[in-house]
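A single structure is presented below for examination.
Order of writing sets the chain letters: A, B, C, D and E. Residues in each chain are counted from 1.
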């Protein structure tokens, strides 16, 4: 039963990866990453239940904190990108190459 | 002689070179400083040579632990094997300062650095220390060719540098392998050659390690077919650098084989000696033949040098005391003869602003002294008895017969091959009719005569009184060969390498 | 070996010192104010003359000792010693070397004197004497050396001098090329010599590497090695003494000044090979097969060179081929183990051939460097001294009894017969006839008949005294030295042979008087036939014939030079070109260039992968992730 | 007390970061002062670290921190490297910002924060601590990369780094989760217990896999390397230098610590790390050979060095792990790389206009000392004796052969042969080609002084490898 | 039984939300879709007796973070025409799926190795604020402290990058 949670977590994680590699929209990409972190959180909570220890809850809180911090920075970057090009297409930002 | 002679010989030039880089002095002063240091080193070298007692072991030993965790030590020493190489490194450098007067400060500084590093590589008795100097000596050469070389210097300098560094790095891996093997067998770290000689290497990687060492040295020597960097580098390098390369650096390659490969890899060495000897002979023939087709004097000498190096290397691979002693002697002999020839070409280039053989002719009439000196060096290079070149070549061929008749017959052709291109060149450059430009050719000035005369006399003296040199190197060569035979016997293969049965077997 | 003679070392040293002095002085002064020729002449002659003096002293010193103890040695120092190999810079005087020494210094001295006249006016007068001295010194080392390695010093030294002197007139390319050819061909021989010596060392050299020690140990040689050593050494002799297949350099060597041709390329250096074989008689005697090879090569060379000699037009070339031919005889002699006969022929040949060359030199000198016999003629009246001396030389060469050449040649042919080498003997007789023919063809064309170049003829006259005196002395020698070794048949005592006996290992088969008479008769007959034919054809003046068929073929020396050129020289050069233009950049260096190119190519490929799109970079990560997952999932089940 | 001394350097750095942040908030000090303060804190931390001494690995404040922090020789070396990197990056930055005026006081604060994160990373003995420390470090560096807001390439670099970094961070989190599942705890000791008892545990494998993906991304190992070229290129030279050295030192220290927690764990990863090391070395070389821009080349060469360090990781022996080899290599690599970025900081000019190989043609004619220093750094990176890089490589190869990984050692050597090309290329440009400009620079001499100090230390570390 | 139905429902919802995130072209729609996922996840947390986390998920994630994202999307006034074309999206998706199948199957294999136990009954204190708080401040003090650093850095970073300072376009 706990396995199902974990499998769900893996699926969500994979979908997050899929979002990162298949989308060019900066927002979508960042939200995909958030999705991956959420998947990790689900795994933490499920495993915490499995091990009957609340460490997993704390870990999930930490991950949330990290996610929040990253989100803050990511949004700042999004603003910066928008200021530069007015676009949120990651492919637009390919001056550095080769 | 004070006890740090070798260290001084190493670090006086190195520190001098570094100081020159930093100090704001003119080229004249730089040359004078370089000359002074080279002369000091020369004096110490002569002192060491004269005081050298002809026994097998190391002399002027210095030992100082350096890196304890890996057992690397700063240890130096001279024995019969390194003596003549060391002498070559000490004797020949003052010539460069004397002959080439117009180089920049940096050039002289590089020259000092390369001398110190070379002497370090020659004297090191710790494998890692050797490797250190071995790598360091390449850098000044790189800069000397790259900054002061001819029009095609960039590809040439990259080629020599990357080629030789490739070899060295492979050697590094093998070297570490040997050190690790020592640690595994004896339980402590050491890279001292005396300790490593006790190693009993076996296992699949040993042969690879052996070849990694050999490739590194083969590139430096250069042994066929690893010589392809040589013609370009020798040709494009400023003549003084070519001189350093051919007269000393190539010799350190051979020396490295004797000093480090033979003691450590006795069995592999005996097993592969025939192949290596073939490479030596093939290189001799190949480069000798290529020399005849060269139009550029320096390039021709480059091939000639490579050709001779093939024979010198062969002497090492024959694994008997005659050939080995011959090689060691020939190292010095070749250093003087070919080295001086390169210097002469440099002089001719300065006077004529050309190296094309076609553009010379009839110089002998304008410059009899120069022609005579050149001829003596040339004859030494083709191994005429009475000059330094004969003794070594004879001993090598003599030893080669014992090793393999087939190889010896091929090696013997060096007598023919060498003389062909040299005579052809001498004819075109010194004989025949003068042209407008060679008619203006100036003979050697007094200063130049005095510079070259000692070397020319040395060439003759080494031919007439070689025992003064051979007596000092032979005991060490004996030791080395004894070790090798021990290894060959324990490997049980030494006997099977002869293509032709040795005459001794027929004796009874 | 206990006997020592410290002045032995002086003998080669004297000419060498002369060479050094004259050479240095010439080198330093030639560009400014050259020293007078007389100075060089005198200084140059002192060395050889003193050497001759010491040779005489030595000779009588030896003569005063019991026959079996006639070995004097002097070892100043150890040259080099490595392991078992120990080579002393040592000199050995024994009957063989003392005899060689005598005539080498004697003829050498004469030719030095002659050169003062011949070379007068040459701007490189000093250099010439330096080279001559150097040559003589080297030759003396060759002769006196107490072992093969010291011999090799002289051996190569004379080769070098030969090169220097052939290319003496170095402004002309042909001369230098001839010099190169001589040196290179000699080196081919030396290649064999060095290998032979090395092989010899490993076989029996550990107990000492001088002749006496080698002789003592020679018994332990196995046939395989022994024959190999003999043949390799003979290869060396072929190079030095111009035998098939290495004879080609000698005719070209005539490019040098005539005294050089006389001294080096007729009298002394070229006989070094014979000397060497005689020195190693203890080897060749052991292995008759090797001796037979030597003999056959020798006699075939004699025949071939004689055939070439028939058609030459250059007076020096005629003499050169005759030299080759006579050397062939000598090898036939030493090949059939008649070492003393061979050496004796060396001895007599030195006199008459030097005489002929110097005579030819006088002719050339008189005709202002005209060497074509078809431009000469009728010089008998103009140059009587030259004519008569040369006639003696020619007779000696042709084997006219009782001149020296007759006895020595007869001795060789007789020995061949006596040792049962009928074939060699037959060819030898034919060659004798040919020799007589071409020699007198030359004499008749040059000195008899009508002058073909009136102008030159009118100016011709005998050479100055400094040149004619040596001629006279040599003529005297050429006439009489044969009596020194008069065989028993003629009431002599084979004194030279007996003198040489301690140095040589040879056997004298006993044959009947009939055989001896047959040999003498055949020799005389051959001489008569040859000279008669020559007189018939050229005796009363003749014009240059048109050569056709075989004659034309022989006139062009069977195209051997061209053949060698096509077979060796051109392929050699072409191969060098192929290596440096094709093999080196395209094959040997290919791995290096290819890997460099590959590296750069792959680098560019990777550059393309850096597309700059962040999504693609993430994709790379996921690809790696995917692959690693695939690998890892193998390890769990 | 001892424990306090051990974390004192960390406290100093954090304190310094906060101080600078406050100063920045109130804009009370000049930039030079800020740089001086930053240098002072780095130096103080360095000194404190030296004073604190070292010893075998042990837990710090085990009671309070619940065994989540360790310290020992290895972490000390890593911390020293990080502090030195911070110090020299500050000197370079100071000069750099006098020409490229997009500076702010927060820059130095972030530098210190990043260093704090790095030090925490090296000392982490628990995964979530490591994760957060990693994020502290990463976030600070993201900002540093994108500090020049006006330059679109800097922003682009920021985007790439942040996006992929966060992506990798998610892997770290997921990996931690799986390991938590395996061990019931995220402490290294607990994981070690699991690794010892059930070596083949799939959860352990999967968790470590995801964790390592994140770490491999941070050190730019193949195939997670692609970002590094563009990010190094887009960031300011001093920042790039800091990233290339300190970040790598921190992450590799953690990596080694994790691998060393138990032999069974390490053993399971040897094979994959072997291939990763090989591919990383060769991919780095192949990328570097095609580059024209110096920073891009250096980034690619950084990949190669990552490969060497991975060789070192393959070769570590968990039972006798001291981290000496890795630590020494990190120090040697840091000295060379920092040096060259320090030189680029003042030679690059306004807007880093001198960026390509061609731009540095003839430098030796005009500025011989700078050229000599760069040459020394390049030689060190190429591993030519007697520089530090040589000894570093020597140790790495020695450890690989000792571990029986001879093939890997040989491949490492082959890779260093390949790397000669592009290192020499710059030397060739500087020395063998004529100068086309004067290479005039303005600004403070601090970067130059730092360059010289680093050049000297390259030799010092090389000739006296005391820390091993 | 009821719990299982709930799990299935939440799981499907969360997956659908995730798929929506990937597929919706406009970020706004994606964000809304993600909110669905997050709320479902919160439900799952509740099912797992993680009470505090359930709350936090709703407040912090679905609430704070998502509103921040939505706020920024609206702040930037993203128009459809500003959005990337993303023509090859499907290709990338398919390729991505192909690549991800091994990854996901490997990871699923990994988690399947866990003992297939039913969720046990846990004590009433499990996952409560107090209980989690005690664990947090007793065992996890250090990470907690470091998080403060992290947030500080994020704060400075956001200010530096997006702060109202000289920005020259």
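Just so it is clear, a contact is a pair of C-beta atoms (placed from the backbone, for glycine too) under 8 Å apart; a residue touches a chain by one contact, two chains touch by 3 or more.
Quantities reported herein were computed from a predicted structural model and do not represent experimental measurements.
The chains that touch chain B as well as chain D are C. Touch-path distance (fewest steps) from chain B to chain E is 2. Ranked by distance of CA centroids from chain D, the top chain is C. Contact counts per chain pair peak at A-E.
Set against the Cα centre of chain E, the chain with the most distant centre is C.
Here the chain at the heart of the shown protein, by mean C-alpha position, is B. As a whole-number value, the distance joining the C-alpha centres of chain A and chain E reads 6 Å. Separating the CA-averaged centres of chain A and chain D is a span of 26 Å.
Each chain gets one centre point, the mean of its Cα atoms, and the points for chain B and chain C are 36 Å apart.
Averaging Cα coordinates per chain places chain A and chain B 65 Å apart. Along chain C, residues 607, 610, 612, 614-615, 618-619, 622-623, 625, 629, 632, 636 each make contact with two or more other chains. Annotation for chain E: residues 92, 96, 99-100, 103, 106-107, 109-111, 113-114, 139-140, 143, 147, 150, 153-154, 157, 161, 167, 169 touch two or more other chains. Touching of two or more other chains is recorded for residues 128, 132, 135, 139, 142-143, 146, 149, 158-160, 163, 167, 178, 181, 202, 205-206, 229-230, 290, 421 of chain D.
Inter-chain contacts, as defined above, occur between A-C, A-D, A-E, B-C, B-D, C-D, C-E, D-E.
Residues 92, 95-96, 99-100, 102-103, 105-107, 109-110, 113 of chain E are the ones touching chain C in the complex. Residues of chain D touching chain E in their complex: 14, 18, 21, 64-66, 68-69, 104, 106, 109-110, 113, 116-117, 120, 126, 128-129, 132-133, 135-136, 139-140, 142-143, 146-147, 149-150, 158, 178, 181, 201-203, 205-207.
Those residues of chain B lying in contact with chain D across their complex are 21, 67, 69-70, 128, 131-132, 135-136, 139, 142-143, 146-147, 153-154, 157-158, 161-162, 165-166, 169-170, 172-173, 176-177, 179-180, 183, 205, 208, 212. If you check the complex, the residues on chain D that touch chain A are 128, 131-132, 135, 139, 142-143, 146, 149, 152-153, 155-160, 162-163, 166-167, 169-171, 173-174, 176-178, 180-181, 184-186, 229-230, 233-234, 290. Residue ranges on chain C touching chain A, taken from their complex, read 607-608, 610-615, 618-619, 622, 625.
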